[in-house]
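Think of it as A, B, C, D, E and F in the order they're written, each chain with its own count starting at 1.
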Amino acid sequence: MATLGFVEYADASPEVRAVYDDIMTTRKTDWINNFWKALAHDPVTLRRTWQSIKEIMAPGALDALTKEMVYLAVSATNQCPYCIASHTVSARKAGMTDPMFAELMAVVGMANETNRLSSGYQVEIDERFKT
Amino acid sequence: MATLGFVEYADASPEVRAVYDDIMTTRKTDWINNFWKALAHDPVTLRRTWQSIKEIMAPGALDALTKEMVYLAVSATNQCPYCIASHTVSARKAGMTDPMFAELMAVVGMANETNRLSSGYQVEIDERFKT
Amino acid sequence: MATLGFVEYADASPEVRAVYDDIMTTRKTDWINNFWKALAHDPVTLRRTWQSIKEIMAPGALDALTKEMVYLAVSATNQCPYCIASHTVSARKAGMTDPMFAELMAVVGMANETNRLSSGYQVEIDERFKT
Amino acid sequence: MATLGFVEYADASPEVRAVYDDIMTTRKTDWINNFWKALAHDPVTLRRTWQSIKEIMAPGALDALTKEMVYLAVSATNQCPYCIASHTVSARKAGMTDPMFAELMAVVGMANETNRLSSGYQVEIDERFKT
Amino acid sequence: MATLGFVEYADASPEVRAVYDDIMTTRKTDWINNFWKALAHDPVTLRRTWQSIKEIMAPGALDALTKEMVYLAVSATNQCPYCIASHTVSARKAGMTDPMFAELMAVVGMANETNRLSSGYQVEIDERFKT
Amino acid sequence: MATLGFVEYADASPEVRAVYDDIMTTRKTDWINNFWKALAHDPVTLRRTWQSIKEIMAPGALDALTKEMVYLAVSATNQCPYCIASHTVSARKAGMTDPMFAELMAVVGMANETNRLSSGYQVEIDERFKT
């Protein structure tokens, strides 16, 4: 089910439990999804990854919904089944409707197409686009 | 500069000019960037690609700025230099500020990291995430 | 189970059996995993792929464990489920411990993140880094 | 220009020269492109890579032109600038016309789009498609 | 089974049915595969994607079999399970034999290898390859 | 040169200077490479990314050289020019010799090849490989 198995709350060290508690509090939920339970075999990576995600996904110049949709767009581009499944759920929770999902996928599909067309045609960057 | 070279407006067929005109009108600009001038050697692909982008990138359930940022997020994930350069410019034109760009990149980076962690750890999809 | 099905030892031609035998001898094992049984429909590719892997994965300037971990790092980056599963097993067999696996994944995740940050920010290569 | 620099014919060992000679004879050309001159720092990899390419790219069930176009399609999907540049030249040499190139890129673009749509929508494989 | 579920023919709107009918007529088949039934929740994307594929995959400068094999080559490079499964079936229907499939995969594998070798060795593009 | 330009030490805020100082101390060097100077427009991301890399790349269950080579292997797989250039330099600094580099690239190339072969052939994961 995962390379190192899952660390359940009941079996977790205080250090891991502290992260689990913060995940549940921050997300206003009462369970921990498999990703974190797999990472928990490495408490240092668990803590760092959670702290980074918590910091990055908090509303700032971009709102939480936009961030979740970008996360889903990247996951669909990389074709990561776990990430697509989990971030589709979190994007919906943040307010993504069916029509928003459909438009998001349309943009993702199109960008993946034109990325290859511009590379395949060896298109040189316009002077005006250079930073 | 491009596999088949560029088709400049002055040398373009009426069919290609019609697409160029529509691009400039839709984008409220007076020039055509290299991507379209490279594609123009294949007028059928030029027309279809432009019609698709025009339809997909128009504001709908998602606004134009969000769509441009998603396009940039995909291009950064695929590491397409031309697409990153051109869509950074279009996202800015649509209203992306420096702090929004920085947060966008932070989300893109994080998603690319956790995509590999979940795959590498062989994390099974939670029942609750299954569609 | 595989596009062309699997070629079992009992049904294999002498040419395929010779490769299977060499795989089992080299790996000190008594079974053949599905990858080779699927490739065996194309004995030329089977032989070439096995010879290449045998040559590349033999200890040289890098030891066998390092090579197996690099193989796993690439497979996690490409998110190839079969390759992650099989090379996790071979890396463990070569000596990878749980803490080594966890650190390996941390590096893989981080590299995937900064690869996109440097591309997305359009960072120019430093003169000192040019070959 | 390359991590380990280039090995020119005049400076090459007999082992490397033998590969260079075979490349020029097989390709009916009188020069060696940079890829091989970079690999030549590792004569074992040089020889193995050339032997593999020579074997794989020879006409068989698929003709040489089809193989070159597939090589270009993969390189455009991976967005590898060197490989796109070199395999566009070899595909042309094998008979790829401008309209063939344009249709090839259209297929590559479309496949990259629908690959993400099917992943993003989490489409389950049809029973009829299962092997 | 899919993020938004499947739209079956019996439940489809006239607009969606028109696309389904055209797919079945064009492909000379009597069923619709899951990809289209998932996309059908977004009739605009369904129609545009089908029209694009119909136009791109029709025989032109490249025949239908070559196009299907290129589609499969891209899908294998991107490691998209759904697309590999469905396009293996369509390539076979278009005439791909087992030896053709095996040679196709050999080219795909080799191209993915040398793409990384040329990038990893930082090989500069030869002047003769520049467009 | 970078989307938001570079933040030079002389122009940096105390927060950014503190990170620059720590980078130079940790790496025993007297200059800052472009990646950090580009990220510095977003001091929060600068700090988090540096702290993560510092933590991840420190010797632990894996030594520093192995970690640098894995970083380079991932960067070559993703074909990120900046990352390949910079991590080739850091891997050399950590002790990577030319023969080690050559073997590393051979493994990276091979893994990228077999990743696609196993996906393209739709090889099912062996029971023995399941976690």
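In the analysis below, a contact is a pair of C-beta atoms (placed from the backbone, for glycine too) under 8 Å apart; a residue touches a chain by one contact, two chains touch by 3 or more.
All values derive from a computational prediction rather than experimental measurement.
Which of these, B-F, E-F or C-F, gives back the D-E interface, meaning over half of its contact pairs coincide by residue number?
C-F
As a multiple of 5 degrees, what angle does the CA superposition of subunit B onto its copy subunit F give?
120
How many angstrom lie between the centres of subunit A and subunit F, each centre taken as the mean Cα position?
Roughly 21 Å, centre to centre.
When the C-alpha atoms of subunit A and subunit E are each averaged to a single point, how far apart are the two points in Å?
Here the centre of subunit E sits 27 Å away from the centre of subunit A.
Please tell me the distance, in whole Å, between the geometric centres of subunit A and subunit D computed from their C-alpha atoms.
34
Quick one: which residues in subunit E touch 2 or more of the other chains?
Where subunit E meets two or more other chains at a single residue, that happens at 1-4, 45, 49, 52, 77-81, 85, 88, 99, 102-103, 105-106, 108-110, 112-115, 117, 119-122, 131.
Subunit A touches which residues of subunit E in the complex?
It is residues 3-4, 41-42, 45, 49, 78-80, 131 of subunit E that touch subunit A.
Quick check on the complex: what are the subunit A residues that touch subunit E?
Against subunit E, subunit A makes touches at 79, 88, 98-99, 101-103, 105-106, 109, 122.
Under the touch definition given earlier, write down the residues of subunit E that touch subunit F in their complex.
For subunit E paired with subunit F, touching residues are 72, 76-77, 79, 81, 84-85, 88, 105, 108-110, 112-117, 119-122.
Which positions of subunit B touch subunit A when the two form their complex?
1-4, 31, 33-35, 38-39, 45, 49, 52-53, 56-57, 60-62, 66-67, 69-71, 73-75, 77-78, 80-83, 85-89, 97, 99-100, 102-104, 106-108, 110-115, 117-126, 128-131
Given the complex with subunit F, which residues does subunit A contribute to the contact?
1-3, 5, 44, 48, 52, 55, 131
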